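Submitted below is the structure of interest, expressed as C-alpha cells.
Note that the chains take the letters A, B, C and D in the order they are written out, and that residue 1 is the start of every chain.
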Amino acid sequence: MAKSRFEYVKQFERENYLLPDTHLVIRVDGKGFHKFSQHYTFDKPNDEKALRVMNQAAREIVEHYSDVLMAYGDSDEYSFLLRRGCEMYERREMKLITTFASAMTAYYGYYWNLAFPEKPLEVARMPMFDARVVVYPNFQIVRDYFSWRQVDCHINNLYNTTFWTLVLRGGLSPKDAENRLAGTVSADKNELLFKEFGINYNNEPEMFKKGTIFVREFQDYKPVEETGLSSRQKQRLDKARKKATIGEYHVDIINDNSFWESRPWLAD
Amino acid sequence: MAKSRFEYVKQFERENYLLPDTHLVIRVDGKGFHKFSQHYTFDKPNDEKALRVMNQAAREIVEHYSDVLMAYGDSDEYSFLLRRGCEMYERREMKLITTFASAMTAYYGYYWNLAFPEKPLEVARMPMFDARVVVYPNFQIVRDYFSWRQVDCHINNLYNTTFWTLVLRGGLSPKDAENRLAGTVSADKNELLFKEFGINYNNEPEMFKKGTIFVREFQDYKPVEETGLSSRQKQRLDKARKKATIGEYHVDIINDNSFWESRPWLAD
Amino acid sequence: MAKSRFEYVKQFERENYLLPDTHLVIRVDGKGFHKFSQHYTFDKPNDEKALRVMNQAAREIVEHYSDVLMAYGDSDEYSFLLRRGCEMYERREMKLITTFASAMTAYYGYYWNLAFPEKPLEVARMPMFDARVVVYPNFQIVRDYFSWRQVDCHINNLYNTTFWTLVLRGGLSPKDAENRLAGTVSADKNELLFKEFGINYNNEPEMFKKGTIFVREFQDYKPVEETGLSSRQKQRLDKARKKATIGEYHVDIINDNSFWESRPWLAD
Amino acid sequence: MAKSRFEYVKQFERENYLLPDTHLVIRVDGKGFHKFSQHYTFDKPNDEKALRVMNQAAREIVEHYSDVLMAYGDSDEYSFLLRRGCEMYERREMKLITTFASAMTAYYGYYWNLAFPEKPLEVARMPMFDARVVVYPNFQIVRDYFSWRQVDCHINNLYNTTFWTLVLRGGLSPKDAENRLAGTVSADKNELLFKEFGINYNNEPEMFKKGTIFVREFQDYKPVEETGLSSRQKQRLDKARKKATIGEYHVDIINDNSFWESRPWLAD
C-alpha cells in the first residue's frame, strides 16, 4: 500500500524460481531431535506414538497441498514429492520450503499436544524443522531418491534396534554397545539379535523397518498432457487431486515396481 | 551412515551461501493472517494480546540466536537483523529461512496457547509463517529497510484505526467505510478521527503506531575487527552476545539518529 | 601458488553448477550485428559469405568440444546442444558460457580474415558475442527449443527477403517498405514476392530459409546407460564422440521426426 | 517478432541479477596460455610484446565501457573493477561475463595481428579467455582483492625470473631448475639471482614486477550521492566517465594508500 522513498530496498530481494517441468522433492528434517527425544523420554529404539505424531503432521500437509503426490518419512524426517507441473507459489524456492517447514512445525505441535497431554511442550525445547527442496529432472531419479531414504531407514532402524536391545535387554552401557556394533554388517546384527535375544528382525513392525508412505490415490486416472490445458481443465484436474483419497503404507518401495507402475500419476 | 548406490541423488542438491560480510535481514510473515484473525475473532483494529504473542515469539528468537542483533515487527510480520559476520549454518539460505519460519511457528503456537486458553488452536486454522532473507551490502540500506517497515506500519495502522472507528463507532458498513477512505491522505484521516470521533491519533498506543523493536544491548561495547580473530576471541564475542540483555521499544527509528548511533554494534 | 593474507577475497566467488542429467543449450548471439553488417556492407537480405563465416566458426566449436552433439544457427546466432551427461568444467555455468562466447569470437575473427581480405576487421567494430546457457529437463523441450529457433529463422528470413526485395528491386524507401509490410502475414508476403517480383520464396536457398544444422554423426550407435560406467568406458565413449564425423544440413527439423529418430544419441 | 507455440521454452531461461550497490570485479583469464605461449614461442620469462598485446586489449575494454573504473593485469589475466552504481545490462551476470570474455578475445586477436605479423594466429591455437564476476560489498575488500592479484604477480614473476635464469643462463634442465627452487622462499630466490647471476631483482622492469594498472582519471571530481539522481544527472555523470582520461601505471597498489586516496571515485 505505502510508497515511500525507502521502497528501493526491495530491489535487493531475490527469488529462485525452480526449473519448470521437473519433479520437486521437499525434505523436512527435525532440528535437534536427538536431544528432543531425550528430553521428552521417547521409547527406544522407536517411540510409536511419537512416530504417529510425525505421520499425522505429514498427512495434514499431503491433504492440504494437492500438488503433493506422495510423502515418505521415518524417524524425524519426511520427504514430499510435488508433481512435475506444480505451480504452487510460482515454484519460488523460499516460499515453498518455509511453508513446508512451518506447516510441519504447526501440525507436529498440534498433534503432540493431543497425543501427549502428560508431556506438554516446553518453550525451551520446542519441536522445529528445517527444509530443503531438490529438483529432479526425471522420474528414475525420483525413485532412486525414495530408495535412498528407505535404505537409510532400514540401516538406521536395524542399528538402533540392535543397539537398544544390547543396552535395554543385554545390560550393556551405550559405549559398550557402540563398540560391540563397530564394524558389523547387517547380517551380523540380524544374527546377534536372533542368537542372543531370540529376536527375528523380520518380525519387527513394518512401520519401523520400512517407514511410512502416503500416496494420493486416483480412481480411473487418465494421463493428461498438461501443456496447452485451458485454465478450466487445470481447475478440474486440481479438483480431482483435492478429492483424491490418501493411502498410507509401510511397504518396500525399492524393489517393488508394481508400487510405482500401478500409480502412473506419480511420474506425470 | 548408509552408503548405497542411490547416494548419487544428493548431487542434485544445491546450496546458496549468502555473500559474506553483508547484513542479513530475515523477514517472517504470517500466512493468511487476515482469515486467521477473523477465525479467532481478533479485536479490531489491533488485538493487543495477539500482538504480544507475536512479540513473545520474536523475543524467543532474538534470545535464542545470538547472531540476531535486532528485530522489528508489527501486525503479522517480523524482521530480524543478523550481524555482518554471522556464520550461522555457514550462511546457507535454506537453513536460515526454514529455521526462522519454523521457530516463529513453534513459539507463536506456544505463546498462543498460554495467552488464549479459551481459544485453542484448531488443526484447520493453524498459525503459519513464511520467511525470506535479504542481503544488504551496507548499513545505510539496512536503516532504510527498517524505515520502510516502520512507514508501512504507520500507514497501515492509521488506515485500520480510521476504518474500524468508522465501522465500530460510526456504524458504517465495511464497504461504506472503504469508500469513505478512498483517496484520503494521512491528514484527512487524522482530521476525520479527531473531528468526528474526538480521537487524537497521536494518543494511540505507541506499540500500534510504531511497532515493536527488540535490540541486543551491550555494555562497554568495543568495536572489533572480526577479520583475523582467533577462534577463542570469536567464542568470547559470541558469549558476550549471548549474555547481552534484550531491550524492547516502541519508538521512532526513522528520524531518530540517536537510536542507531548509540548502538554502533548494529552496523559492525 | 601464493598464499597471502588477501586470499580470503576468494570466499566471495560463487559457482553455479548446472543441474546434472539435463540437456544444456548454449546460445551465442552477435553483439550489435545490425551495425556490424552495415559497417562491413553485408549483402542484403543475406550475405552468404558472412553466413559461412558464422558456420565455420560454429563448426570449429562442434569439432573442438566433443560434448556438443548438435548446433543450429542462422543470422548472427548459434545454439549448441550439450549432451545430458556432459561434465565439461564440472557443468560450471560461468566457465561454459564465457568459453563459448570467447571461442565464437576467436573463430569468427579468424574466418572473417580469411573470407574478407579486402575488409579487414577494425578495432572500433570488432565482432563480439554474448552467450547464455539454458537447462532443459527432457528431450521434448529440447526439440521444441530448436523448433522455436527455426520458426524464428523462417519468419525473419521471409520478412527480410520481402523487405529488401521491395527496397532493392521495388525502389521503395526502407520506411515505405516497412509500412507496406506492417500487418501482413506469411501468405501475404509470399504472394507479394510472387505477384510483384516473380519470386517463388520456396526456391530461395535452403540455408537462408532453414538455417544451418551441424550434427555429430555416429556409426553403429549403441545406447549406453551412463550411470555406473567405469572411467575407462567413459573415455572410450568420449573417444567415439571425438571421432564422430560432423554432418551439415539445411533441413526442416520441426516436422521431420526422422531427423531426430534416426539420431537417438541426441536425446541420450 | 515471432510468436509460436514453441515460445514456452523461454520459461526455462534464468537470470542472475547481481546485488545492487556492490563493487563488481570481472576477471578475465587466458585459456591454455601455457601451451599458447609455447606454440607462439614467447620470450621467457616475460614476452614484453605479448604483454603489451594484453595491455592494449584491456585498455580497449576500459575505454569502451565507461563503468569500468580500473583494471589490473599481469601474465594472461586481467581484472576489471566496475563501479558500485553500474547498471550495465541491468547487472545481469551472463551478459556481463560473456561480453568481457568476448571483448578480450576480439581485441587480443586484433592487437596480436598488429604486433606479430610474422606469427599469424592459427585456427588450432587461437587465444581465448574465460571470465568470472565477483561481488564485493565494500571497498576494503576490493583493495584486498587487487592486493591479492599483485602479490600473485610478484610471487609468480620472481619464480619465473629465477627459473628461466637457471635454465637459460645457468644451463639447467627445466626439471633440475624446478628441483633447485623447491622449498625456497623469496629471499632465497633474490640471493640466488644476485650471487650466481649478478641480477638485482629490484632492477627488473616494473611492468613485470608490479603488473599493469589502468585507471579512469577524473579532474575536479565531486563525490555524488547516486541515489535520487535524475536521469539527466546520470547522463551527465556517464558523459564525464566517458571523457575521463585513462592512466597507465606499474606501481605498488598494496602498500601505497595514496594511490587509492587520491582517487576517491574508485570507491564511490
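We adopt the following convention: a contact is a pair of C-beta atoms (placed from the backbone, for glycine too) under 8 Å apart; a residue touches a chain by one contact, two chains touch by 3 or more.
All of these numbers come straight from a predicted model, not from anything done at the bench.
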item: Set of chains adjacent to chain B and to chain C; value: A, D
item: Per Cα centroids, the chain farthest from chain C; value: B
item: Averaged-CA centre spacing for the pair chain D and chain B, given as whole angstrom; value: 44
item: Interchain centroid distance [CA atoms averaged], chain A/chain B, Å; value: 30
item: Sites on chain B at which at least two other chains make contact; value: 8, 12, 14, 19, 21, 135, 141
item: Chain C residues touching chain B - in the complex, by the definition given at the top; value: 5, 8, 11-12, 14, 17, 19-21, 227-228
item: Touching residues (chain side chain B, partner chain A) in the complex; value: 1-2, 4, 6-10, 12-14, 16, 31, 60, 93-95, 97-107, 109-111, 113, 121, 123, 126-136, 141, 144-145, 147-148, 151-152, 154-156, 159
item: For the chain A and chain C complex, residues of the former touching the latter; value: 19, 21-22, 135, 137-138, 141
